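Once you've had a glance at the structure underneath, I'll fire off some questions.
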């Protein structure tokens, strides 16, 4: 496997500077390899929903940011790559602990990337959610 | 059409008390009828992403909360209704103005509800996103 | 609205010559306009599943072919347009009568089209399924 | 892992007797374990689409039947279990050879099962499609 085209530090800088909504909830990368990424969403009580579990939109935000990290890990810092479709199944209630999203590239084409993400509570193997999504990759600029 | 089983004021109270993540970004209901709801996400610069458009997760959060409002409009304040699956297609970049999500019930069963949501920028007809989702309805308690 | 770039007769010829699996189950177009199409799946007992309703894959085949018709209605006979993602919610059991799929373009870009389809039993308004899908449009050949 | 609640022979009998549309295209199970199944779709030229690859609906039919096998492997021969939602991403064109679908249970609840399926051409590791779906499980009859 080739080296990642973006580092954890570089991705976290993008979160800090360009994804305020993600930075505000503490999202950050744990690991990035070529075509793979692990993102972390620290537990915050403000992300809970009735039933005492982490809200669906918090999990979706984590899964989508993880897909973005997977795409950038393979094509470099192309910030204008954008989600075109996103699908998620919620499997089990997410405990009030940190969430980890593990993403992997299913297909990388010139124009579209397809990514799969599993989300689990830290310390648990059982996934709380499974997501897939498609990112559109902008045409490379002429040199 | 029968009357909504939850009012705008009742839904906004749930957002305030139980959906901190939604309250924190200013989400609120504009209209609720039986099986229909319009939710508003006020524009905030912190929800932007590279390209100057509203981020995908902000739109997903709005669409999911709109589905919740649609479900509660039909079954009353059953807070433990939860998303089981969610799908979204992003159609056009969302301008830096308020977003409106219009949701309608596609099917209401005893155990599952299916909801459709269109999201558009205020003042524009063209949708920026189209979402569908499934909510699981908990069994009614014995009296 | 501009005129459809493919007629009912032209689409049915594609079904006959290029989509044997669809032709074999009698699929055909009822109406095609620019960015819209209505396709029909005649009832056949071989498409039933336990419970006496039309099987999911038959409905998915109809919905996907309807999306193809919608795409070709807007870009002409570009046979190599292909589905990249497809999502469907099954709402009600489909009666043993003809099924009609009504499709409409949600977004037509240079590289991707997003289409929405509602499927209902002939003579009923209530939809049995709601689907959305994305088609990839191949680059136009240089002249 | 506990034993499968349905055998390959029992599943193939259901295909033969109850899923005529699947039987007609030669679909059959290769392996079934508890919560897992591998289904095979023999190559037939009638399933091709323009471009010389296997059509999307053929792949969707295989993936959906694989999900059904996974559900029955875990709950037994409950024929009235039905798909409620289905999502698929098409990754690579499917060669004109047999297709294999490998399905695994992501979550088995009392009322809903969530299943993941990867489809690949025989002899190739790279998946041609990735699907997830939800099945509704009918209430058990009172004894």
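In this document, chain identifiers A, B, C and D correspond to the written order of the chains, with residue numbering beginning at 1 in each.
The definition used in the following text is that a contact is a pair of C-beta atoms (placed from the backbone, for glycine too) under 8 Å apart; a residue touches a chain by one contact, two chains touch by 3 or more.
For clarity, every value in this text was computed on a predicted model and none was experimentally measured.
> For the pairs A-D and A-C, output the one whose chains share more C-beta pairs in contact.
A-D
> On a C-alpha centroid basis, what's the spacing between chain A and chain C, in Å?
For chain A versus chain C, the centre distance works out to 33 Å.
> Suppose each chain is reduced to the average of its Cα coordinates; what separation in Å results between chain A and chain D?
28
> Can you list every residue of chain D that touches 2 or more other chains, as numbers and ranges?
If we look for residues of chain D contacting two or more partner chains, we find 84-85, 87, 89, 114, 134.
> Line, ring, star, complete or other: which describes how these chains touch one another?
Shape of the chain contacts: complete, all pairs touching.
> Would you tell me which residues of chain A are touching chain D in their complex?
87, 89, 91-92, 106-107, 114, 116, 127, 130, 132, 134
> Where on chain A is chain B touching in the complex?
18-22, 24-25, 45-51, 55-58, 60-61, 64-65, 79-80, 82-90, 93
> Considering the complex alone, what residue numbers of chain A touch chain C?
84-85, 87, 111-112, 114, 134, 136
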